Amino acid sequence: MLYLKAEKLDAFLARAAETRKLYVPVDSEPGRSSYREWTPGTAVSRGLHTTRSAKDFFFPQTENLAGFRVEDKKIRVIDPRAETEDFAVFGVRACDARSFGILDKVFLADPVDTYYENRRRHGLILSMSCRRPAETCFCKNFGIDAAEPEGDVRFTDDGDGWYLEALTEAGKAFLDPLADLCEDRDPAGAEAAKEKTREIVDRLPLNDLPVGKFGGGKTKELFDRPEWAELSEACIGCGTCTFVCPTCQCYDIRDFDTGREIRRFRCWDSCMYSDFTKMAGGNPRLTQKERFRQRFMHKLVYFPENNGGEFGCVGCGRCLASCPIHMHIVKVMKRLGEDENEQ
Amino acid sequence: MRNKLVERAKELLADGTVTRVIGWKRGEFSYDVTPAVFETAEELEKDFVYDGFCGANVSKYLIRESAKEGKILAFLKPCDAFSFNQLLAEHRIRRENVYAVGIPCEGMADIGKIRSAGIDGVTGIREEGEEFVLSTLYGEERIAKKDALAERCLVCKSKRHPVYDELIGEEGEDLPDDARFEAVDKLEKMTAEERFQFWRGELSRCIRCNACRNVCPACTCENCVFDNPDSGLSQKAAADPFEESMYHIIRAFHVAGRCTDCGECSRVCPENIPLHLLNRKFIKDIDELYGAYRAGENAENKNPLVSFREEDAEPSVVHERGRA
Amino acid sequence: MQVNEQTGFVPTIVAFCCNWCSYAGADLSGTNRLQYPANVKIIRVPCSCRVNPMFILRAFGRGADGVILCGCHPGDCHYTTGNYYTRRRMTLLCSMLDYLGIERKRTRVEWVSAAEGAKFAKTMRSFAEEIAALGPNRRLEDLRVRKSEPEGRVPDAE
């Protein structure tokens, strides 16, 4: 099995960056990182999570969909789409790696979102096993193995370097020319590293969420539960949870007048915002309670209902870390799950 | 302290003075408390907390809560009391529906600081003298309280409650202001180019989540201009650096003269942008140009932006300042 | 038109003028045939106090290189005190823009009465000259509006 020593990482990334744009997590301050394009000398973060998720690469916060320009009394439609260049994202954790599959179910279902599909086709996922999960991690509840992330190439971290494994054809094509920077090692080492990760994951405090209480078909049971009022009481209606979330996929489409043309762009929307789902006839979700409920029902009930039982949450814990008032999916699941036991 | 508060709250609930209590509710890991309304002694007993992680300012919730029937007990830290008083000045809270209890605050810890000190996987925290003892997934860690203290608490403006019906613990005093404006001073001394680069770097991280606005006890418009889809402003799109600058200037400007410097904006920012430095600049300018003023000090004070003196400085004072 | 002769830069200038004094002052400079630069675009407002800081920022966003606000002299406001509030507000705004590193000379406040046609023309000339020398506004512009560069933030350049 291929093994890349930590000190060879720079050489590895340098070579990888010759053929495509390469994005790596970089510490912006201690304990906080974000994705940046790799350039020689970039220090790769060893932190667990970037503040924003990796979904930005495929589903950016804002993107232009079309432009309209009036020329000779005719409207010309400008299509800004161009074939994306190849790129690779390094250091994607198991939760984020799974989130792409969830986004695919939305954007690649018929009708295919060609903007998303374009990036997805050109993006290579270099995923990374976790060595130091945080207390906020709860991916295990959703059947995600932090030791064996999905992706095109899997990096299994043993502390001194990484065991590399191509999981797809594209991953193999990427990895083969880089093999000379690696050495050959017994795969048992990789297994040992994975075991170590799993040991830690097994003692995470949020492993026993009542996942069984949620899922497709539970709409009627959960929709009118009185607890929603109490849970949403403190919510300040900001969009933090939705904007750091790797699986939140709602967007809004707006027009911007540049003075010369109209630019139609889409931007992330948040179900926490007062104009979410506002339409000509009014807004079906008038209070924060309804908007708050929408977020969790979407992830835990509606999404699995429409997608063969798969939950719309990957347990990355970003919302736990950044919610201003710490009212997040774990508290919601525990509260709704616990009361049912008592009944 | 926590037990004292719970005891007092139970008494006031029992004798009918109040029907509800607003405070902080226990979370999963002792640092993730949520502001909450408690209605019974059992709920208080079970989930009420007051410790070094109750930084959330509860005064804004009182706008909604005081509009409901019955009196609510509000535990107010000095910061919260300033915000509360400012909201009273603006007639946003029905005073007769709030029983305000001033509580002491020794400064609130910031879990972000603990994390950036390299301590991760924190599952529980207890206080031991001048230290926090943290149980983590990777063993026990210790950090001095002052190293975990939020920036706003390091430069605390006051331990005094400008308004209360009842006080628990000893009343504190105003603290000297010098340290509070150090960072603003430093920025003012930079060149325009350096300042521009600094703010560009900070504001470009903004994800337009609006948390700074929504948490702000001074931001109480029924409908924010940035929430009006017809305004032509992108409320949620980080569409252009201009939008970010405009949003943050307007946000800070709209609370100028009303901002009590409670620091909630910076606490909640998921990208850790030092938003308080914008607000503090306005506070400093107001102090220097129009005389020392502290929002929330007194419910009868007149906001410096809705008052004037004939001899006020001309806007050109800005142009005549030392450095370009 | 005020042009920077070295660079050929023609600044766009927005002037917010109060209806009672400065706008009438502009009128007077017109009837007196006093010239002021044609790249000054006047927006009439009922009172200088009507100008929300956002007006100024949006003018910059939409392509202004300089913004000037003109109102009655303090003490002469048609509504008695409007411009006193303007004065405080604009002082703080100018100071904040300066604090953010935006060239402080791009924003100016002047008091021009209805009788001061000559002052109006002179003020506009000097402001336009200053902005022409300063060059285009790059620190507070909306890139999507910029004429030479059609693309705003490139989505996947983060």
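Every chain is named by a letter (A, B and C) in the order it is written, and numbering of its residues begins at 1.
The rule is simple: contacts are C-beta pairs under 8 Å (C-beta built on N, C-alpha and C of every residue); 3 or more make two chains touch, one makes a residue touch a chain.
Every value quoted in this text rests on a predicted model; they were computed, and no experiment measured them.
Set against one another, B-C and A-C show the most C-beta pairs in contact at B-C. Once CA atoms are averaged chain by chain and compared with the all-protein CA average, the nearest chain turns out to be B.
When chain centres are set by their Cα atoms, the one at the greatest distance from chain A is C. With centres set at the average Cα position, the gap from chain A to chain B is 31 Å. Each chain gets a centre from the mean of its Cα atoms; for chain B and chain C, those two points are 35 Å apart. Each chain gets one centre point, the mean of its Cα atoms, and the points for chain A and chain C are 45 Å apart. Touching two or more other chains at once are residues 144, 152-153 of chain C.
The set of chain A residues touching two or more other chains comprises 61-62, 256. Looking at chain B, residues 238-239 sit in touch with two or more other chains.
For chain A in complex with chain C, the touching residues are 35, 56-57, 60-64, 84, 87, 119, 256, 258-261, 263. Contacts from chain C toward chain A in the complex involve residues 62-63, 144-145, 147, 150, 152-153, 155-156, 158.
Interface residues of chain C facing chain B in the complex, by the touch rule stated above, are 53-54, 57-58, 60-61, 74-75, 81, 84-85, 87-105, 108-109, 139-144, 152-153. In the complex of the two chains, the chain A residues touching chain B come out as 28-32, 34, 48, 51-52, 61-62, 132-135, 200, 203-206, 230, 233-234, 236-240, 242-244, 252, 254, 256-257, 265, 267-270, 273-275, 278, 320, 322, 324-327, 330-331.
In the complex of the two chains, the chain B residues touching chain C come out as 187-188, 192-200, 225, 238-243, 245-246, 249-250, 252-253, 256, 278, 281-282, 285-286, 289-290, 304-306, 308, 310, 312-319, 321, 324.
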